[in-house]
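In this document, chain identifiers A, B, C, D and E correspond to the written order of the chains, with residue numbering beginning at 1 in each.
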Amino acid sequence: QEIKEFNIGILGGENAQDRMTSNECYRAKIEEALGVPVKLFTPADYDGVIQGLLGGTLDMAWLGASAFAKIYLTDAKAVDLALTKQNVDGSTGYYSIAFARKDSGITSLDDAKGKVFAFAEPNSTSGYLVPAAELTEKYGDLKQYFADVKFSGGHEQTIVGVANGDFEAGVSWADGLGNWEDGYTSGAFRKAADAGLVDMNDLVELWKSKPIPEGPMVVRAALPQDVKDKVTQLTADLHETDKDCAYGVAAGEAKDFIPVTLDAYQGVIAARKLQEASQ
Amino acid sequence: MLQVRNVTRLFGTKAAVDNISFDVAKSGFVGIIGRSGAGKSTFLRMMNRLTDATGGEIAFEGRNILTLQGADKRAWQSQCAMIFQQFNLVPRMDVASNVLHGILNRRSTLSTMFSFWPDDDVLKALAILDRLGIAEQATKRAEALSGGQQQRVAIARALMQDPKVILADEPIASLDPMNAQIVMDTLRRIHDEDRRLVIANLHTLDTARRYCDRVIGMRDGRIVFDGTPEQLTTGVARDIYGADASFSENATSTSIEALPSDADADYARRMLA
Amino acid sequence: MLQVRNVTRLFGTKAAVDNISFDVAKSGFVGIIGRSGAGKSTFLRMMNRLTDATGGEIAFEGRNILTLQGADKRAWQSQCAMIFQQFNLVPRMDVASNVLHGILNRRSTLSTMFSFWPDDDVLKALAILDRLGIAEQATKRAEALSGGQQQRVAIARALMQDPKVILADEPIASLDPMNAQIVMDTLRRIHDEDRRLVIANLHTLDTARRYCDRVIGMRDGRIVFDGTPEQLTTGVARDIYGADASFSENATSTSIEALPSDADADYARRMLA
Amino acid sequence: MTAATHPLAPALLAGFHRRKLQAIALPALVMLYLCYAFFAFDIPSLFAKARLDNAAILASDFWSYKTHVTRDNRTGRVFAAVEGEAKGAYPAGTFPDWVSQTGATTTIDLGTGHVVTYDATGARFAVPGYGTIDIRPDGAGLKLTAPEPLPDWINASGNRVSVTTDAGRFTYTRSKVETFRYFAGWELFFFTLDSPFAGKGWGELAALALWGDRIDPARSNIAGMAHDIWTNGMWHHADVAGAIFETVLMAFLGTFGGAIIALPLAFAAARNMNPLAPARFALRRVFDFTRGVDGLIWTIILSRAFGPGPMTGALAILITDAGAFGKSFSEALENIDEKQLEGIRSTGANALQRARFGVIPQITPVLLSQTLYSLESNTRSATVIGAIVGGGIGLLLTQAIQTQKDWEEVAYYITLIILMVMTMDSLSGWLRRKLIKGA
Amino acid sequence: MVDIAFGPTPGKRPDPKAPGAAYLAMTRRKRLYGGLILVVFLAMLASGFHAAETRNAGGFLSGLAQLDDFPREVLAEAWTKRANLPALMWAALPSLIETVNIAAVSTLIGVLAASLLSLLATRGLARWPLLTPVIRRLLDAMRAIPEVVIALILIYILGGGPIPAMVAIAIHTTGAMGKLFSEVAENADLKPVEGLASVGATWGQRMWLGILPQVAPNWFSYALLRFEINVRASAILGFVGAGGIGYDLKIAMQWGGGRYDSVVAIFLVLFATIVLIDQLSDRLRHRLVKGAAQ
């Protein structure tokens, strides 16, 4: 079994262009290793990558946990789990953080009852699935608990939307390391604060989820085994062989890429199933 | 050579052509006259198989052409050229191409699709145009020509078909007197030189009298007169047109010799009085 | 009441009207004749301020109307009605509305947009139409009327303006002889009854002779004749029209009494020979 | 007889009164509907919500860039970078000329008397007309010393202080201190700082290009400039050009592919070409369906099968357009002049020949003009579709807007899109005139 | 000089001895050019398609084979949950009304603005002739900006909701209609306008009474067509967060498996509306154009 080309889907809260640029070295390495043309694709949302993997037009991608769960639930045999990102502190997770404007007077989720609450988009793990699951468990039906539940379209939009007052509270993600006033060391808050879109002084943290597993790198299951192995090995070694390139692929500081199994995502898959059933 | 037997055409319950019969023994210039709605066009269109007959038969050289189908029908059409009142050319194509359309039936579909005409055919088309005095127009678009010139292109297309019969449905009705005369002269000349059978619907008596060897008068789908132009007296004409005594030929004359009458001026004077 | 002083209009470098001057002391029926391109229309359009003059002045009752701008200009236009060769009505609107357009200048834009016409004005329009003999047409669309009727609607619109001057630019050029006579009779009657100054461009000599008190002849933008109709001999006319000895008045006559000449037929015969 | 008693007067007046009512009724209805919409869209609360300061930021960001001067408070390293991006970073130890460094003290001159000083223990910001804002770390938090009362352009909490002035912005947190100075223009549009041509004026560049010595002996200066512009890491000119190409490609393939497919189908759907009424009806419904489902939806449906990329977008446009063209072409066919067709028929031509000579010459102008017209509008659709399908300038634009970071990039893309659509518009207009008049 | 004195160059004259040669040469040349253009066009199409395919993740032929994968998945799920459909469709109604309202208001505003601007941009009618090129360029620019761009920027300033979509569509409508309207107005008969000018009518009166009655049927028919287009546009803008049914559809689609029944329900409602409006406006336009011809 031969492959003629190899297509990688890339997601992330960056410009399509920046994504291309920061993954270019990675693409070149894989091309060298596989000996076939390798192309990068940067669809606008999770769904583009998910459809690509399901349809077999993309061969590999870094996904959010929820997006993986969606693929898994649609077709459990479509992709194989390969690796996940290990943070500098050795953890492999991040957090969903609910927040509001400081001057709104809301200081906890109990205050947020009867307000307009924003999630990112339905396929987002930290922007919807996990917080929705945890909050539902705690407060019951969120549509009842909040005045209105909206999808902003993305983490950036949630942050800007809350800062602008379009929504009274919302969730977004952060690694939970460092300080709130910096927007933590990495995550959507940090990016927004660094870009000057919001002043972290204007926002307050309301709630922090349990750790969410980092999304996996997946390869399409139907690929020849040696192709899967080569790509996985190459990626796993990336932090050792090319630090700068690894920084670009991980979209920031990370310790390593380490193997991961389905167990890590059982919780997310269960949450997604629950959500589906509740519809 | 042509036998028309009990040919009928119904539109709904109305008979546009009602059981007509006549024979043409040898090539001639036959004129059909009759007022609007008499069935003249319908008859010619049946001959060319543009309209299907409801009943009857038209035998040309012994073969009933009304029952032909498919390729046979098209072959007959190619032998039986039709000239229309509105010329029915392709206005956006050049004159020579329009003439060449006359031999569509004889060339393979594929080669015509790409307008691959053999040089001989092109030269023949140009020769015909030259014969009709419009060779210089060959490269112009048909729509750029005057009405009289367009009708001559239509005649050229008909000649290109090298037909046994030429049908002309009021060929000069949309032309001014000068061009009308040129076109009728051309048709007559073709008849005289090539001895082709010409059947022409005409809407004016004097044209019929001047050009035809034989005149057929129709009224309400039936033949009410069949004779020589000399037999076509004003009385007979009144019968054909169903007109009353105030009928004046001049009112509809297209002859350029005829002096316009004073009827209009009289009418105006009456109105103003 | 009207002084025209050195009025000039250039189109590019060409003078359509070239430094013309004349006076009209009291209301009259003035005809302007001259061949096509002589500058007749341009002059009338300058008087109505549809075209700007390049130089000179036209004083009406002491005021130079060529320098008016904005609302003043429109006020002058409302006092100086214009009748056009092509009627220039709003074809899709009814006749009464077209007549009412004569007083647009006196109503606010907004109220006219919503068709707020006072009943008095509507009745006045009806009275004018009645005077011109077309009251029954009042509710029809203007485009449904014959040319002569449309021109009478245009005159009605002019009368609605209650103008001091009526300008008419070849008012009968697109009409048949019968309607031409009706329209000219109407204009003359208005002049006689209301004593308004009428200036009419005419393209035929006999019309000018028959209806005007005074005739001005123009050629190449200049005035080459100014006198009574009686002084307008065939010789003078040849000068105005720059025609040679073969010039015949009849060829351009619109009088319904004149018999159409045979010139056209002659031409066709020559062409065919 | 006076007008008032004229027998027609009552009817005429009644007519005018009726028209008066009609003339008022229509605008009144429109106004009523707009009022309804005003409340249905909740415009009153919108005015309250509208963020005009956002608009101002956006407007100024369209045509400005900022240079970050950052100190990492843990390592004490100070560095400057245009837009804070790696590609815009000044080489270590070098700074723009308004920043000076002596020992552990960095002085940043923001102009108009605004001066920021980073020193070993903290930072100071001198604001003319107000005073000096001084910030020092204090245990776990920050200690702010500034003239009281604090104005609202100073946003301070225990862990973070930010100051926003017209001259520039300044933030201090425990981990780092940053100063942003704003400049007009699209900085580093041609050359990034790592290019030898960066920061040179037009004259200098022209001189270098034409007669200057080779900066890099391996290549001529012009080639070097072209290469550096093309590979510009901040503005990605090569990628942008590729994206524009992809967008135009989608429009081109979609439009003409759609037209080519629609033409034979239109013949089958035209009343005067196909006598089979049920077939016509079925085809028409197919047209209605493919054009009723928008191209965007087709894109989503197709992306499972074809994956992301311009071909998917082109196919989506093609499907939509095939429906639209099928409908309009078949209408054009139904409106043809039968006389020409009859003329061809009378010579004994077969069906294909009749179509070729009796129909095609007539409808070509209509077909061409409609096809070319939609080329322009499809360029716009392709922009939008690209945003979904992962290609073209549309993706770059929507991403730039959604990440809300680089508004000058947004402005750049918008300009390019407008130019692209206008170019396609004039191109299609030019072709239309050329082909339809000339043929 | 000599050429002018002696007519065109001898080479261009038809050879009197072979009148057909010139024509034959001309047809050959024409055929050659026509053939060349065709070949170039086909080559562009083929190479363009090739380029698109290589830049695409999936290939054309392999994709064709699984063309129905996604629709089948969606329909299969919707079928098993078909009992939900009526309720879901009913629930989609308020968003649908919002979408149609966005389209209607923006069409209305766009058409009103376009009427004015198009008259100002038409040679021979313009109130300020010097401004016509400026207004034309303005209309061009309004037409060139894709609606999403305006909508996205406005969402940033105004927040989500119907207004950004409405403004975006209205701006685009103004540009597009302005151009078409102006083309219609250019062909209008100027005689009535001149007639009105001669009685001292203002510019507004001349346009309202002289031009509008002439252009109204055409303008109205274009406006109806635009409304139809705008309904689709407003549904699509929902995809970027501008409210209406498009937003619901996007959320449902993004969720994917498990909510395909609402995807189908929303799609059905939307599609039915579009087809309905399409058919209605088609009928109306046919009536209008026929009425104008009378």
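Annotations for the structure displayed:
Simple rule for what comes next: a contact is a pair of C-beta atoms (placed from the backbone, for glycine too) under 8 Å apart; a residue touches a chain by one contact, two chains touch by 3 or more.
Each chain and its UniProt protein: B, C = Phosphonate ABC transporter ATP-binding protein; D, E = Phosphonate ABC transporter, permease protein PhnE.
These figures come from a predicted structure and were not determined experimentally.
Steps from chain A to chain C, taking the shortest chain of touch contacts, total 2. The central chain of the assembly on a C-alpha centroid basis is E.
For this structure, the chains sharing the highest number of C-beta contacts are D-E.
The mean-CA centres of chain D and chain E are about 18 angstrom from one another, to the nearest whole unit. The geometric centre of chain C is 57 Å away from that of chain D, both derived from CA atoms.
Averaging Cα coordinates per chain places chain B and chain D 63 Å apart. A separation of 47 Å divides the Cα centre of chain B from that of chain E. Shared interface positions of chain E, defined as residues touching 2 or more other chains, are 55-58, 63, 66, 69-70, 156, 159, 240, 253. In chain C, the positions touching at least two other chains are 113.
Chain contacts: chain D has residues 49, 51, 54, 300, 304-309, 387-388, 398, 402, 404 touching two or more partner chains. Within the complex formed with chain A, the residues of chain D that make contact are 49, 51, 54, 66, 84, 155-157, 159-162, 169, 171, 173-176, 180, 233, 236, 239, 300, 303-309, 387-390, 395-396, 398-400, 402-406, 409. Those residues of chain E that touch chain B in the complex are listed here as 19-20, 23-24, 26-27, 31.
Chain contact summary for the complex, chain D toward chain E: residues 30, 33-34, 37, 40-43, 46, 49-52, 54-55, 58, 246, 249-250, 252-253, 256-257, 288-289, 292-294, 296-297, 300-302, 304-312, 314, 380, 383-384, 387-388, 391, 394, 397-398, 401-402, 404, 410, 414, 417-418, 421-422, 425. Those residues of chain B whose C-beta lies close enough to touch chain D in the complex are 48, 50, 71, 73-79, 81-82, 84, 86-93, 101-105, 109, 112-113, 154, 157, 161.
Within the complex formed with chain D, the chain C residues making contact are 94, 96, 113-117, 119, 122-124, 126-127, 130, 135-136, 138-139.
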